[in-house]
Amino acid sequence: MMEQLRLQLPDWIEASRIYAEKGQVAHYIPELAKAPGDALGIVAMGPDGETATAGDADLPFTMQSISKVFTLLLAFMDNGEEGVFAKVGMEPTGDDFNSMLKLELVEPGKPFNPLINAGAIAVTSLIHGATPEARTGRIMQFLREAAGGADLAYNEAVYRSESASAHRNRSLAYFLKDNEVLDAATDVEEVLDVYFKHCAVEITCAQLARMALLLACGGTDPLTGVQLVPRRYVQIAKTFMITCGMYNASGEFAIRAGIPAKSGVSGGILALVPGKLGIGIIGPALGEKGNSTGGVHLLETMSETFDWSIF
Amino acid sequence: MMEQLRLQLPDWIEASRIYAEKGQVAHYIPELAKAPGDALGIVAMGPDGETATAGDADLPFTMQSISKVFTLLLAFMDNGEEGVFAKVGMEPTGDDFNSMLKLELVEPGKPFNPLINAGAIAVTSLIHGATPEARTGRIMQFLREAAGGADLAYNEAVYRSESASAHRNRSLAYFLKDNEVLDAATDVEEVLDVYFKHCAVEITCAQLARMALLLACGGTDPLTGVQLVPRRYVQIAKTFMITCGMYNASGEFAIRAGIPAKSGVSGGILALVPGKLGIGIIGPALGEKGNSTGGVHLLETMSETFDWSIF
Amino acid sequence: MMEQLRLQLPDWIEASRIYAEKGQVAHYIPELAKAPGDALGIVAMGPDGETATAGDADLPFTMQSISKVFTLLLAFMDNGEEGVFAKVGMEPTGDDFNSMLKLELVEPGKPFNPLINAGAIAVTSLIHGATPEARTGRIMQFLREAAGGADLAYNEAVYRSESASAHRNRSLAYFLKDNEVLDAATDVEEVLDVYFKHCAVEITCAQLARMALLLACGGTDPLTGVQLVPRRYVQIAKTFMITCGMYNASGEFAIRAGIPAKSGVSGGILALVPGKLGIGIIGPALGEKGNSTGGVHLLETMSETFDWSIF
Amino acid sequence: MMEQLRLQLPDWIEASRIYAEKGQVAHYIPELAKAPGDALGIVAMGPDGETATAGDADLPFTMQSISKVFTLLLAFMDNGEEGVFAKVGMEPTGDDFNSMLKLELVEPGKPFNPLINAGAIAVTSLIHGATPEARTGRIMQFLREAAGGADLAYNEAVYRSESASAHRNRSLAYFLKDNEVLDAATDVEEVLDVYFKHCAVEITCAQLARMALLLACGGTDPLTGVQLVPRRYVQIAKTFMITCGMYNASGEFAIRAGIPAKSGVSGGILALVPGKLGIGIIGPALGEKGNSTGGVHLLETMSETFDWSIF
């Protein structure tokens, strides 16, 4: 498969760029708006570490919502299933990723799942650590390990841009505080600071592919043999990636591509073929539901060609 | 009428206390929870300054949402109708006073009216003044004048309690910031500080009656002859008091009592009979929509007896 | 005032036609779409029967939602306040007139008020009569009396057009059946048949002005001295006309015009100045909330000039 | 596995009955309310036709929402993917199965997916056939084939009970008609008649297991070798069963059990282990989201024991 990928990916990238042109680079975080809208790149990595690379794979980008998968895993390791599910639910919402509707309408006002913004903020509040810096440190350490020891850091400019402009996330966080999803001892600004930082972690397609491979292999890094995450937690994360990973276009992606994936508003997508492949994609132009238009088309093409759907 | 009021109010107070027992003192602001649930008091004041007093009229309480009427008037004087209605609409919502549904669901996310929390926060941001302290100072000064020169101050404990616990209001304010109803230059915490302080202004029924009388007389204090507020602005405020003054029970109150009124979660109600009477009521026990149960029953009894409905 | 009205109305009509051009004739009932979009006419009638007429006052039109005020009055006379308010609430919704949101979201799923479609259908089900024909007959008789003995009938083509196309109203009615607002014995299609017929009653501005005058005079026809409706029921109806009469633009109309009014999607408006004037208007072009754009502008101009606001 | 199932199922049934006691038999369709609340039965069938049976597996029940999976398959075969997805979306809603919120709130008012009631009604309207009887006939024929030639029929009493009481479904259908999801030529009552009949098809656990097996084997009946449904359509159906099959508890079931399943308000559940097993369950007592409490617990136990999750 890797051979065929190397051969075909350049063509598929070009065919998918047309879709990139239909999208728009996220503008609500000023720093993100600087990304090139027509870029599209991919790295796919097999369990033996072999890779196929195509397009603008060298373009660095920030993880944004993709980081939510990893803070969820760390929160499971810190709190167990019960501890996490006391704060967030397991259901897709059908609403926008930053919607507040169900927080107000559905008792008891718990975020429906850990991959919408409200849920990810709640999950971030569960990461252990004595100080916000300690929590950010633990998350960074976990991300680095998940990326096979890559030297990851958060992008200071994006972090500042996001922190300065993320009024909707502040609104969500204070709503959670009011609903006691964020508990009395939790300082909203501190949680948000940790949240903005892990969203701003800068990464490349190759690093993302390595992280995806870890999930594809059930939490054990196939290149080192080290089990970084218990298999059950990875299983839950993959389930959420199918039901909620592509915002409120997850259902469509499940039907068209059928593989676990998580997108971010930077245009990044982490995707995986269980047991076989970790994939990292960057394509900054987004569709109206917040997913990389070029990236989604590329994954659908690949999945159809190789019959990857898990269903 | 004043004579008859003096005669009958004690009986009506007792009859209405039964309704107080069905209500509950607001608990979401810790300081408010300390108020006596069975208290009920009233002062009614005529244009000649004569008053009828009954029940627990001496119990001081904080204005809470009642202050929204006066910040609205001051905002009109500072910005004109157009300036205010650029930031808030004119429609009742049918939703709870702290609801965020319509901010998310109805473009362009402007608060529907100035008497729900979101709208009152937006109005507060329109009060002129170089600093938050200056704005609070101008509001305090206006409230004192509206109360006939009373020596009003905000209750420090209630202010602090509200500021520390009002996560939902913070959530609303950041949502407004995200929707650009609060503009880029506006600091959310500063606006909230001004807002919490004017909500915490301590008052008595007699002072509230005097303020109501000012509105009943179209903005001109009948005891001094001084026009404090242009008549048109008072007219708008009275219209809002009918359509939105009693939260999402305003429609029912319009049908049952039919007079302009504004309630607060402290259990206070400011009400008026146009040209004839200003009324201040305190009854801390609230119904499920946030209005004083005893106070509402008392006003309905009075309105029915004297045929006060403006309809 | 009548003299001045006769003098100024032609100019005001012309000035308001500009607003008609900004509106659009209702198209969701095919028959209504045939009305001339630039038409605008008015008749105002005083308690002595004197009238001022201007513009396209002879254009006949169907009552549509305006009829809801009169079925409400008849339902009160048939069932008393308690009987009616067991089935409909007293609150404005802030939503579109045909919205189903609050039926689903707010327990127990009772229509919020009798002037939205759901509420008016529920009210129609309360009209007494052994058969749908008998109920329609009683409504027609009441409308004729309210119009001073006018020979009113429903427009067969509009009725059929409405009955054939009103799927949203059927949807509302079955929702009400499910919520038991329409009781087990009520046949949905029969209720809708009565409803569509009273909406399709054809009328002129002069007849509408006479009906409005009846309400302006508290239920007693000033030209015959006959009390057709108890004053209290008229008072409730006028209250609803202020809080809910102009759909979800009622709040704005209360602030800008401040008089009880009820609009219909035919472009008709019934309005009144308490004790002084009944007004009938036709202007088929509607704004986005369903009110005659020309008619609303005309009423605002008149109210401002004559200081009619009841607030 | 079949051996172990035969051994352990009786114990698991008993352990799961405790959960049945926490549920309630559906009461909104009067006929369904007659089912025994404490019943729980299962049949599991392998590709070789071998079965494991336990509990009240002989209790016949109606398919209810389970039939939606098969009308979806038939609609795909009649209209292709594009034809079906022109009328229904691909996303879970997060709302109740009979909710109308998103039909009103999310343009263009298309049902979010084919497994909520609104979507299933739309899908039913796509089944080919000259008359309602012909369409029902084709559905019955397809269900019989899917059940390996079983002699299925709809339960007349349940059909009549459902037809007489299903006001909410009528409301949904007329809303769809208004939104033009049901097209102009479609008669709402005719569509509903077909819908109520396929929901009322009576079945046993063994027949359901056989139908599930067909899906587990990608549309080819493993016992006859006949391909009844193209594999791609079965793949889509299985995807929907994961994202939307258990109403708004689908996300939780995906995490806890992780296998495609579809429940009905009769308490039936069709579930499958890809390539390995078709499962039919009956347990009439439902949880608050409409799924058999005992059946869900039983499936979770089995999936955990045998590590069936597809994730």
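Every chain is named by a letter (A, B, C and D) in the order it is written, and numbering of its residues begins at 1.
As a convention for this text, a contact is a pair of C-beta atoms (placed from the backbone, for glycine too) under 8 Å apart; a residue touches a chain by one contact, two chains touch by 3 or more.
The shown structure was predicted, so the numbers you read here are calculated from the model rather than taken from an experiment.
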Most remote chain w.r.t. Chain A, using mean C-alpha positions, is C
Taking each chain's centre as the mean of its CA atoms, chain B sits from chain C at a distance in Å of 32
Chain-centre distance (mean CA atoms) for chain B and chain D, in whole Å, is 54
So, in whole Å, the Cα centroid of chain A is separated from that of chain B by 46
Residues of chain C that touch two or more other chains sit at 105
Among line, ring, star, complete and other, the chain contact graph is ring
Listed by label, touching pairs are A-B, A-D, B-C, C-D
As the complex stands, chain D meets chain C at residues 99-101, 104-105, 167-168, 170-175, 177-178, 188
Interface with chain C, chain B side, in the complex: residues 89-95, 102, 112-113, 235-236, 238-240, 242-244, 248-252, 254-255, 258, 260, 309-311
